[in-house]
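The same subunit A turns up in both complexes below, where it pairs with subunit B and then with subunit C.
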Partner chain A sequence: GPLSERRLMDVRLGELPAWLATCNFSPQGLLGGVQKAWNNYYDKYINVKRGGPAGISMLLAGYCLLSYGWNYQHISK
Partner chain B sequence: VLHATRPLHTTQQCLAPLPPLPEKGGEVRYGLIPEEFFQFLYPKTGVTGPYMLGTGLLLYFLSKEIYVINHETVAAACILSVIIYGVKKFGSNVAAFADKLNEEKVAKALAVKNEAIKDLETAIEQEKKEQWRVEGRSYLFDAKRNNIAMLLETNYRERLLMVYNEVKKRLDYQVAMQNLKRQKEQDHMIQWVEKNVIQSITPQQQKESIAKCILDLKALSKSAQAAV
Partner chain C sequence: MNLSFFDQFTSPCLLGIPLILLSLLFPALLLPAPDNRWVTNRLSTLQLWFVHLITKQLMIPLNKAGHKWALILTSLMTFLLTINLLGLLPYTFTPTTQLSMNMALAFPLWLATLLTGLRNQPSASLGHLLPEGTPTPLIPALIMIETTSLLIRPLALGVRLTANLTAGHLLIQLISTATTALLPIIPAVSILTALILLLLTILEVAVAMIQAYVFVLLLSLYLQENI
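Entry: the complex of A and B
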């Protein structure tokens, strides 16, 4: 389909700049993108009948990595 | 009248009934890395590709001190081991408990739905019964018509009887009047005749008749004495 309506995983590497150009970088657009990403993640891993530890463990791992990245300056002293 | 400024019901979106939730979430290996990553690398690197990638990255971070080992590493290792032990030991119990809760919720909702369906079905039954009853209307109306005909007949006969009685009374009155008149005429005539007869008896005639009666009586007494 058209470039602007494809998801990120379906975009080929050479088309990445063009795809980024079609993105909506206003605050509403970014917020909408974050909302969509969260909804996709939620529907795939958390909002199921028999979920497992995978749903929140990935969130916690991401949080760990993020906080390590933020504190790297302080840790590497 | 609905003043709509936008057209209604244009999309095919249908909110009910909702599609059921998926049974299991997306596949995740070791609880951290989604299966899609492994599938993504499989065509190029085979099965061991992601593991080699992981090991290489880990050694790189360690050697370049991008990931420093300090007290926090030890703490993280202990916490992780405790968490993994807990999940492995109590995971199934918690899952069963949560499933039971879910089951109860679903059962309650289902019970409500079944109740509603049953109520509607009984309503349908009763409706059908009412429709069957409607078919008996003709009998009902026939009975009512018979009733009314009988009432009319009774009323008519009553009035007929009343008319007959009244007419008979009037005729009887006329008859009684005639009888009375005739009787009065008769009595009056008798009296008048008697009066005139009595008036016509002159004294002379009265004396003669009395003497004749005495003679007759004497003769009679003589014959009576002779008889005795």
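Entry: the complex of A and C
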């Protein structure tokens, strides 16, 4: 389909700059993008009939990594 | 060396932006709002079951007027529980180790219970200051003691939560430092320390859950007396 309507995972690597140009980088646009990304993740890994611990564990692992990144300056003493 | 152990409790900042807000908002991601389906996903089902359990337990001793507090007490319980448990993951920050945050939670809620009691049933609320059947000479002293214990409740609520979590995190950090320091020197003692660390982690998980529960339970108790 047209480039602006495809999701990030469906965009090929060479088309990435063109796709970024069609993005809406205003605060509402960014918030909408975050919301869409979260809903996609939620529907794919958590909102399933027989989900297991994997969906939430990925979230928690990501949170740990994020916290590590925040504290990196402090930890590397 | 000792100073670096307390550094885990400094509020995280990235380029001067306080990140505590993100640590407070992250649990909201883990608790999705249940959509109105008959059969939801497993996470929503677990969450619903848990919320029903908590609300039932909290609301049984309260009268009808107290049921207005169901939303805030249940959400407080869920909030504290998720924040405490998330703080046990490596490198994460626990907002409830900050005394400022716990006092900000405890003081207004306690004050609300007190003012509710004083407004709706002032004599009954003040009557709690004197237990039944005290001998007459003891009455003045006992009233002062009970007033002090009443006024110290918000401080106790906040400090209890802060101290328990801070102490637990500190212990974990100390013992894990000891384990890694001893590993090249005496592996046997290091394994013993690792065992202690395992037991301590289990204790910390329990403490995290219990402290959240105690906070909310005491609040509901203060509410029972006053509503």
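Things worth noting here:
Heads up, the rule we're going with is that the second predicted complex is superposed on the first by the 77 of 77 C-alpha atoms of A that agree within 3 Å, B and C clash if a C-alpha of one lies under 4 Å from a C-alpha of the other, contacts with A are read in each partner's own complex, and residues count from 1 in each chain.
As a convention for this text, contacts are C-beta pairs under 8 Å (C-beta built on N, C-alpha and C of every residue); 3 or more make two chains touch, one makes a residue touch a chain.
A quick note: this is a predicted structure, and the numbers were derived from the prediction, not measured.
Of the two partner chains, subunit C is the only one touched by A:W38; subunit B is not. In the superposed pair of complexes, A:A54 makes contact with subunit B only, with no contact to subunit C. Once chain A of one complex is fitted onto chain A of the other, the partner contacts of A:W70 are limited to subunit C, with no touch recorded for subunit B. Looking at the shared chain after the overlay, A:I46 reaches both subunit B and subunit C.
Common to the subunit B and subunit C interfaces on subunit A are residues 46-52, 55, 64, 68.
Interface residues of subunit B facing subunit A in the complex, by the touch rule stated above, are 21-26, 28, 31-32, 34, 65-68, 70, 72, 76, 87, 91, 95, 99, 102.
On the subunit A side of its complex with subunit B, the touching residues are 44-55, 57-58, 61, 64, 68, 72, 75-76.
Taken together, the subunit C residues at the contact with subunit A in this complex read 4, 7, 10, 12, 14, 19, 26, 29-30, 32, 41-43, 86, 89-93. Listed in rising order, the residues of subunit A touching subunit C in the complex are 38, 42, 46-52, 55-56, 59-60, 63-64, 67-68, 70-71, 74, 77.
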